[in-house]
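Structure record follows, encoded as structure tokens.
The chains carry the letters A, B, C and D, assigned in the order they are written, with residues numbered from 1 in each.
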Amino acid sequence: MDNNNRRSLTPFQRKWHDIIFEANTPAGKLFDVILLVLILLSVIVIMMESVASLGTRFGIWFRVLEWLFTIVFTLEFIFRIYCSYRPRAYIFSFYGLIDLLCILPMYLEFIFGGAHFLLIIRVLRLLRVLRIFKLVQFINESQQLVLAMKNSRRKIGVFFFFIILLTIVLGSLMYVIESAHNSGFTSIPISVYWAVVTLTTVGYGDIAPVTPLGQAFSAMIMIMGYAIIAVPTGIVTVEMNRIRSKNEVSMQVCPNCMREGHDIDAVYCKYCGSKMEK
Amino acid sequence: MDNNNRRSLTPFQRKWHDIIFEANTPAGKLFDVILLVLILLSVIVIMMESVASLGTRFGIWFRVLEWLFTIVFTLEFIFRIYCSYRPRAYIFSFYGLIDLLCILPMYLEFIFGGAHFLLIIRVLRLLRVLRIFKLVQFINESQQLVLAMKNSRRKIGVFFFFIILLTIVLGSLMYVIESAHNSGFTSIPISVYWAVVTLTTVGYGDIAPVTPLGQAFSAMIMIMGYAIIAVPTGIVTVEMNRIRSKNEVSMQVCPNCMREGHDIDAVYCKYCGSKMEK
Amino acid sequence: MDNNNRRSLTPFQRKWHDIIFEANTPAGKLFDVILLVLILLSVIVIMMESVASLGTRFGIWFRVLEWLFTIVFTLEFIFRIYCSYRPRAYIFSFYGLIDLLCILPMYLEFIFGGAHFLLIIRVLRLLRVLRIFKLVQFINESQQLVLAMKNSRRKIGVFFFFIILLTIVLGSLMYVIESAHNSGFTSIPISVYWAVVTLTTVGYGDIAPVTPLGQAFSAMIMIMGYAIIAVPTGIVTVEMNRIRSKNEVSMQVCPNCMREGHDIDAVYCKYCGSKMEK
Amino acid sequence: MDNNNRRSLTPFQRKWHDIIFEANTPAGKLFDVILLVLILLSVIVIMMESVASLGTRFGIWFRVLEWLFTIVFTLEFIFRIYCSYRPRAYIFSFYGLIDLLCILPMYLEFIFGGAHFLLIIRVLRLLRVLRIFKLVQFINESQQLVLAMKNSRRKIGVFFFFIILLTIVLGSLMYVIESAHNSGFTSIPISVYWAVVTLTTVGYGDIAPVTPLGQAFSAMIMIMGYAIIAVPTGIVTVEMNRIRSKNEVSMQVCPNCMREGHDIDAVYCKYCGSKMEK
């Protein structure tokens, strides 16, 4: 990142910036670990509150804890803005938005009841875990995964577009076939939902065909689904293969015969035997 | 396309041909966008009518709207034929047939009740969306997908043939094992349907084995299904890999014979033997 | 095949051998087509008999038809032996054994009731369809599929061995967790069946965990199953890729520079430019 | 392995060491086969005891047999330690720990009732089957599988981390949507369990959305799951492909530096530059 547009910080701000935003110093690491523990505790409290037997007995304690966590995270958010070189950039960054989303639901509950369960989104803050513990290898791997998904996003987009059209058509056909036989295909949207459940091989069984024609047609859809489920797998596999291959062949050229395609550990050219420059 | 067999159009027809069939002019784009909106509205109306609670309350309005949409699309279809250079070619083209199928069900309902729900097939007209918005990249990607499916159609055909024979045999065996125990395997066709549901890992659970022998046999079928589901995935992945690799072939053209498709490491043209420029 | 050990046939036998075993002559093709139709009819009759509503009404007719088909196929089987150059080899060949299996159940029913439904195995005789209609391309493709499965049979064998051990261990753990809570995990074999249903992602739902611990453990099994289902897919894909690649690179060597790896359509060596021998 | 730290054994110990730990001699092979049979019998007895109808009738006999097997395996374990060159290394080896785990549950039952069903873990001792029957080919194949899993463990770890965060977020959203409609989404942990069941395409159907919004959201999750299930498959396939390719690398050894791993088309050693013999 360029250092322009950076506002100047006081020494106090700068010191805390290093603690909050970096994880190189012992203090910075300690801060991050405490944060992680608080996030985990907060997520566990929300989960426990949602369990009826616990929620009714300890409800009041859970609410108190949730308010405490929310206040702590709100203060942290404000402090992050205060210590940031570019407050605006932080707020609109990926992590900044998540930090905001993680405190908003509590305040929103004054307007919409039950909204505070959305606080669970705090779990996404755990994504920082990779950065904090310097799991560089894992970051590298996850970037490869993200890159593979990114490179295949267009193909997957087209695939999803076809799947949506297909499920609407198949669902409607099943509605015409089954709707008169009390089999759960009560409307076209429900039938489209059934088509998605079937094509993705999830198969809840909450809706299932009962007429012979409907069952024969479903069987056809499922066998067709065999070929369809192969498509995204193929897309992603091919993409990963390319990323993997690129990472493995050296970009070096032999200084003598000028040929490429050498392994990364090659010292001599495998074609003409002349020494290669490192 | 060759320009033979084209009938000559009046200026009026030609002007509208550009608006209806092309999407290069502002007027053509506007026409297509309006069409898309109408198609989407029409699909939503049909979906809503199928929902019982809405269908009974607003039924009459939905029918009126559906008739309106059908009349508009009918007029559009006639106008497309009128403005086309080769009306016959248009009618029997992929899009022409869909355009026809999208208005027929409404008229068919005078003969078969409930047929008008098939109007939902209109959703397929949305396929034009790719062309209209000049999503060239997406068209390219979707052509790659279609090509991969096309190239592997024989292997997938053979695979489906085996699957059908296999499900008939497995279903019948389960029928012999389970039919005496009131477990839903009431006939061979139903048992074949169960075998398809199981092998494809959909697993509704509307029919499930209850005898120990039946459950042991099902478990064997499922584990076998592990290897089977790998087959179409393998077929499609290999095919996509090839298409991808071909796209990575050198863009070089032989300076002598002007042919393409050379490997990246080629020094001489593999067709005419003349030296290639690096 | 070598021509030794062949017994000599009379001209009558030889003529019928060509009709029955070959599909080159019009008579041979006709014979095969009639046979296919009879097999299909026979399979349909057995399926229809198993449907309760049809079976009780037309039961007697179905039995008559089944006896008729069985007599025809028995005569055909005897005639095949009579016309074969090597009767023993025919009987113990893949097709010979299927031909025998396709008539046996009818006679076995005198001993075991209900066995005649196994006649459905006749459907396997349809495998001949590939040979009869000279669908050479399809035979080639199916051989590639069979070869891929064959080459990966050891890896898949090891994989199945692991899966069986794994499901036994996981099933027993779930039995210990769930058995006291009336949730369908009534015995270890049933729990192992559940583990197979879950790991293969079939998921009938006839048995599902009800305790929080059981559900948490199941969720872990399912996520683990994500990685497991990838294994057979990987095995088969890699194998298919190799078969595909082998089929595509010419085995030709350049007569001048002796290098390999030329495309099948190459006329000149891509490394030294000298003409290659076809 | 180095021979240091080995204690010296008496001839009696040495003789039995060869019988118990090796499978080269007839006596060693016999010992292993008897052991395998005992393990299988023991596993079958535990399974049968868990079946209610058998457990109540023959319960006492099963207990006697289980104690017998446990005593035999305990003696075997002690004897293995006694005959081992490095007892400590044996106890903490993979097989040593399994051997211990296979006798512990019986003794633990004095403390925890029902624990003896964990004896089923004995089935893992069958892993020795590969070693005993010298199924070298299979060992090689299974090592390739294990290697592929090992190499992709980081990518799969990252993938699992994302999946866990994703299921928590999706489950909570579904809880907020569905919890008020008596549809089984009774708490956030249950909803997370549902999200795992759905994303892995297991789909029991014990919990299924009933509100239109919940069904629409589920359909979106499932279609998204299409792309997600492709990820581990891609990871494992690419890894297997690499292992396979490496195995296809030339078996040539450089005549000068004696290093391996050269590409098949290498003319000069890529490590020391000396010419290689073809």
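Here is the rule we use: a residue touches a chain if its C-beta (ideal position, glycine included) is under 8 Å from a C-beta of that chain, and two chains touch if they have at least 3 such contacts.
Since the model is a prediction, treat every value here as computed from it, not as a measurement.
For the self-contact between subunit C and subunit D, the two sides draw on mostly distinct residue numbers; the shared fraction is below half. Each chain's centre was taken as the mean of its CA atoms, and the one lying most distant from subunit D is B.
Within the list A-B, A-C or B-D, A-D finds its counterpart interface, over half of the contact pairs alike by residue number, in A-B. Centre-to-centre separation of subunit C and subunit D, using mean CA positions: 29 Å.
Between subunit B and subunit D, the centres computed from C-alpha atoms are 42 Å apart. Residues of subunit B in contact with at least two other chains: 159, 189, 192, 201-205, 229, 233, 235, 237, 241, 265.
Partner subunit D is touched in their complex by these residues of subunit B: 201-205, 233, 237.
For subunit A in complex with subunit B, the residues that touch the partner chain are 154-155, 157-159, 162, 165, 168-169, 172-173, 175-176, 179-180, 186-189, 198, 201-205, 208, 212, 215-216, 218-219, 222-223, 225-227, 229-231, 233-235, 237-238, 241-242, 259-261. Note for the complex: subunit C touches subunit B at residues 43, 46-47, 50-52, 114-115, 117-118, 120-121, 123-124, 126-127, 129-130, 137-138, 141-142, 144-145, 148-149, 156, 159-160, 163-164, 167, 189-190, 192-193, 196-197, 200-206, 229, 232-233, 235-237, 239-241, 244, 262-263, 265-275.
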